[in-house]
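Next, two complexes with chain A in common: one pairs it with chain B, the other with chain C.
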Partner chain A sequence: MRNNSFFYFLTLNLLKEKRRFVGIVLISTLLIFLLSSVLFISSSIKTTLNSSLKAQPDFIVQNIKAGKVAPIKAEQVDKIVNIYGVNKVTKRVYGRYFFDDKYSALIVGVDFLDEQSSKKLVKIMNSVDLKSFLSKDNMLVGQGVLSYLKSHYYATNYNFLTPSGQMQKVNIFKALNAKSSLISNDMIIMPLELAQKVLGLKESELTDIALNVPNDSEWSNIKAKLESLNFSTRVVSKKDMKKAYENLFNYKGGLFLVLYLIVIATFSLLLYLRYSLASSLERKEIAILRAVGWSIKDVLELKFLENIFLVIFAFVLGSSLAYIYVFILGAPILKDIFLGGANLKQFATFTPVVDYSVLSTIFIVFAVAFLGSVLIPVWKIAVTEPKEAL
Partner chain B sequence: MVTIENLNKFYEIDGQKQYVLNDIKLNIQKGECVILKGVSGSGKTTLLSIIAGLDKPSSGKVLVNGEPISKLPDMHLSAFRAEKIGIVFQNFNLLDGVSLLDNAIVPLVAAKVGLKEAKQKALNALKVANIEHKANKTPSELSGGEKQRGAIARALVANPNLILCDEPTANLDIANSLSFIQTLKELHHMGKTIIVATHDSLFEELDFKHRVVEISQGLLVDS
Partner chain C sequence: MIKEFLTYTIFLTVLLLAVSGHYMLNKSDINAQTKKIAQLTKIVEPAFGVSTLENRLPHLDKSLDNSVYPDMITIDRVGFVYAK
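For the complex of A and B:
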């Protein structure tokens, strides 16, 4: 065990070398900052996507008309319900409503009398008096919608313009907090029939039909059955959605490659700097220490502790700055690299997610390479006879 | 104290053995002050390095305090060097950016002495070397003579019984050189065994008991 005089000397050495180390610590911090930022952003995106995928149904059945997604007949639901192995068949009516060219909200129609649909909304509905909600044309709005309507129109109601050119007045029944993952800031929930009117659907029409297939091995079988319902039926599976999400990121691969190259180049530069510092400037210091009685082990231990301190300092500083940059400041600049033009509403801010296993991998790789670049030359110097001190 | 028998040191250059030390035989008693004299390149530094265990002989036997210094494992040798040998280097070899007091602590850190005791010992050593008034100055703030005294303090701090000095006056003016010799005399009276490698003629007329050993082209010559 080391005594206090050893640690005194270690501190002394760190303080004495601070000018020498400032550049190395700065580059290290920057490097860790960059790597951790990329890590924080990608794990946050991954988690958000996964949770939004989780909320998705296994299959969505759409109707294709003239090559475009068109409303689907509600009667299809009866046929789908009869397919063996299918459950949670849900009528879905939704669409984006553009208030002006800057602001839009997602209108979601809910069949409040259908147990299946309203089950998901149980948490929200607990705070809503369903009877009075359904007695008039009412809607529940997210906080973002409320503040938009408040500042541009009224806080009590809004006149939607339907595709057929009519006005549809809907009262704001209540604003909902975006705490539930099902409700976003820019979401409007209204009864199914009302949503149909606002979105210009007939009573017999739905946007699409969602359903689940609890048994994974039935997926392809049921997909085929769904597709054979009607020649114009299109079936989107959760797997397809997942692939689409993944593609969204992979096509940015080139930029990531550049980023990684920058990181690797900086890291090599850092290791080179550290290596040459250890093999030149520290050579005399080590020879002196050895000459006045320090063993090889003493020298290696001093240098190890000295540099592990630098590594930890740079790592803590770099990753904390990255945390602030990504999760508090919303990662300006880097965000554009990641998401590019893809205007994904769910990434207005990044949900704080820290992937500790990747973070510790970064730490270990950084620490091992950094310490290696110091301890190898130090060891080489320390084991040679320290006669050059004389 | 120091026993050297059949010591050889050579470097292999183009397949040829270049002898730097040739069959050296030397016996130094405890408390002796030996002046190792010789022109530049005669092998003085090499001999001191081998005695201090900083360099390895090509062949021969070197005992310091009864220990076969060239055969000790590093841990053992380093501890021995930290506690039993004090070295004053030609170019002082103080650590830059570190005060004289902290420089003087360095051997004690290796000897695992606690900080409080180490500081006390370092301060005492600075007193003996007559430089305690500059204890908090770093080498860059000091003159050659002051650095020299700082280096002496470091060499004395662990209270070693063998003190090796390599060209101690080479970088000093005459006044500082004479003052160094005065310090040497005090160390001699303290009973330290001293070896000074030098080609400075000031060491030829010391006013205390000493032995002069001359080395020439790696050979000891009687004088």
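For the complex of A and C:
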């Protein structure tokens, strides 16, 4: 049956009464567009964070007081350095600074006197003059912070109010690259001592201590040693961080997937009802085909191909539009669901990541539901006597 | 196949090719830039505009302080509601 005239009849049938399919194609395209957009955003953020997680230290040592993270004594660094198998022990000073009740920035103190850190700074800020950066109280700000400060007329510097009630004037040296906004949008990078002042920490106090353990098999052993340093010590491993981020995005992506399944079930039910209560015209069409000698298989084949074309059309159109929406237009509105719009204005852009396994799953789930809800009623009509159907 | 069907097929193919072309050729350095910041700061916390990952700071709880009458408890405080 599958010859040129069959395909001619099939395409003619599809386009002859376009109005019949326009609604179905539009709704299908919209469903696929929405789900693909959500999954594109989710997988893009996950990929970027996973790549930056490689730079995350293997362990973070924190001091816990009353269940909350409290400043840790800098002298702990010497104790940690002495543990065999540990390297790259870094002092970390960071914390949130609230401009007002709503908007806040993450202040990060970096020890620029450390050779590694200064090299990395030069790498980040092309042609940065490290001497002039360190000569005054300067800071590097993320795009979100820069935009907030500019809108509040702090174009060149900002006066931080320290917890002791003093004002600390810090110059805006340069803005961080907008491409790194996924983690640097609300970030302020400044020298370690200055960050301690702004955050109200003493010179001997740090937020936490980061360290690496190059030998994986030593991880559990070192973790036990770190925990035994103090009763109030909490050790967070890179694995825990990775799990937390994965859970966060799987949760958000999963939520949309559940909603999608509900919508697809409703859509299938509507399609099923539409075809089971097929208009007399459609009934007539199938009955005439049967009367002129088409077998049930031929009728089903025609309807199957007719609908698979619709599914493919909707899928390609929906997922392509989703790609354009997310990776070219920057996913307005949907971006805020993932990144949140409660704090500073978001400047993050998404790196193009297409997860083929997810896309094929969407296609299969959508196509099976779609074809099932169309072919079952068609088969019911096709098996009745043409005379009866007419 | 009729001409109109062919037109739709060509449109879809062109759209698909354009998107694939963008995906293959657009080697964005977003990951590299983000990684550089993470290497410098050793912090990978995403800059989400949500408050779930932030500490709940007591000074932000407005029910706890009233700058005009510091001793006056706001009416949504449990202690006030259940006071005899």
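In this text, the second predicted complex is superposed on the first by the 206 of 390 C-alpha atoms of A that agree within 3 Å, B and C clash if a C-alpha of one lies under 4 Å from a C-alpha of the other, contacts with A are read in each partner's own complex, and residues count from 1 in each chain.
One rule holds for everything that comes next: a residue touches a chain if its C-beta (ideal position, glycine included) is under 8 Å from a C-beta of that chain, and two chains touch if they have at least 3 such contacts.
Being a predicted model, the structure only gives us computed values, none of them experimental.
When both complexes are overlaid on chain A, the residue A:P386 reaches chain B alone and has no touch with chain C.
More chain A residues lie in contact with C than with the other chain of the pair chain B and chain C.
Shared-chain residue A:V354: touches chain C; no touch with chain B. When both complexes are overlaid on chain A, the residue A:A66 reaches neither chain B nor chain C. When the shared chain is aligned, chain B comes close enough to touch A:K297, but chain C does not.
By the document's definition of touching, neither partner reaches A:I333: not chain B, not chain C.
Looking at the shared chain after the overlay, A:M167 reaches neither chain B nor chain C. Of the two partner chains placed by superposition, chain B and chain C are both touched by A:L12. Within chain A, the residues touching chain B in one complex and chain C in the other are 8, 12.
Those residues of chain C lying in contact with chain A across their complex are 1-2, 4-5, 8, 12, 15-16, 18-19, 22-23, 26, 28-31, 33-51, 54-55, 57, 60, 62. Within the complex formed with chain B, the residues of chain A that make contact are 3-6, 8-9, 12, 16-17, 284-285, 287-298, 385-387, 389-390. Those residues of chain B whose C-beta lies close enough to touch chain A in the complex are 45-46, 48-49, 52, 54-56, 74-75, 77-79, 81-83, 85, 87, 89-90, 93-98, 102, 105-115, 118, 154, 158, 166.
By the touch criterion stated above, chain A contacts chain C in their complex at residues 7-8, 11-12, 14-15, 45, 47-49, 51-57, 68-69, 90, 92, 94, 96, 98, 101, 104, 106, 108, 110, 117, 120-121, 123-124, 142, 144, 176-177, 179-187, 189, 210, 241, 245, 313, 316-317, 320, 323-324, 327-328, 336, 339-344, 346, 348-352, 354.
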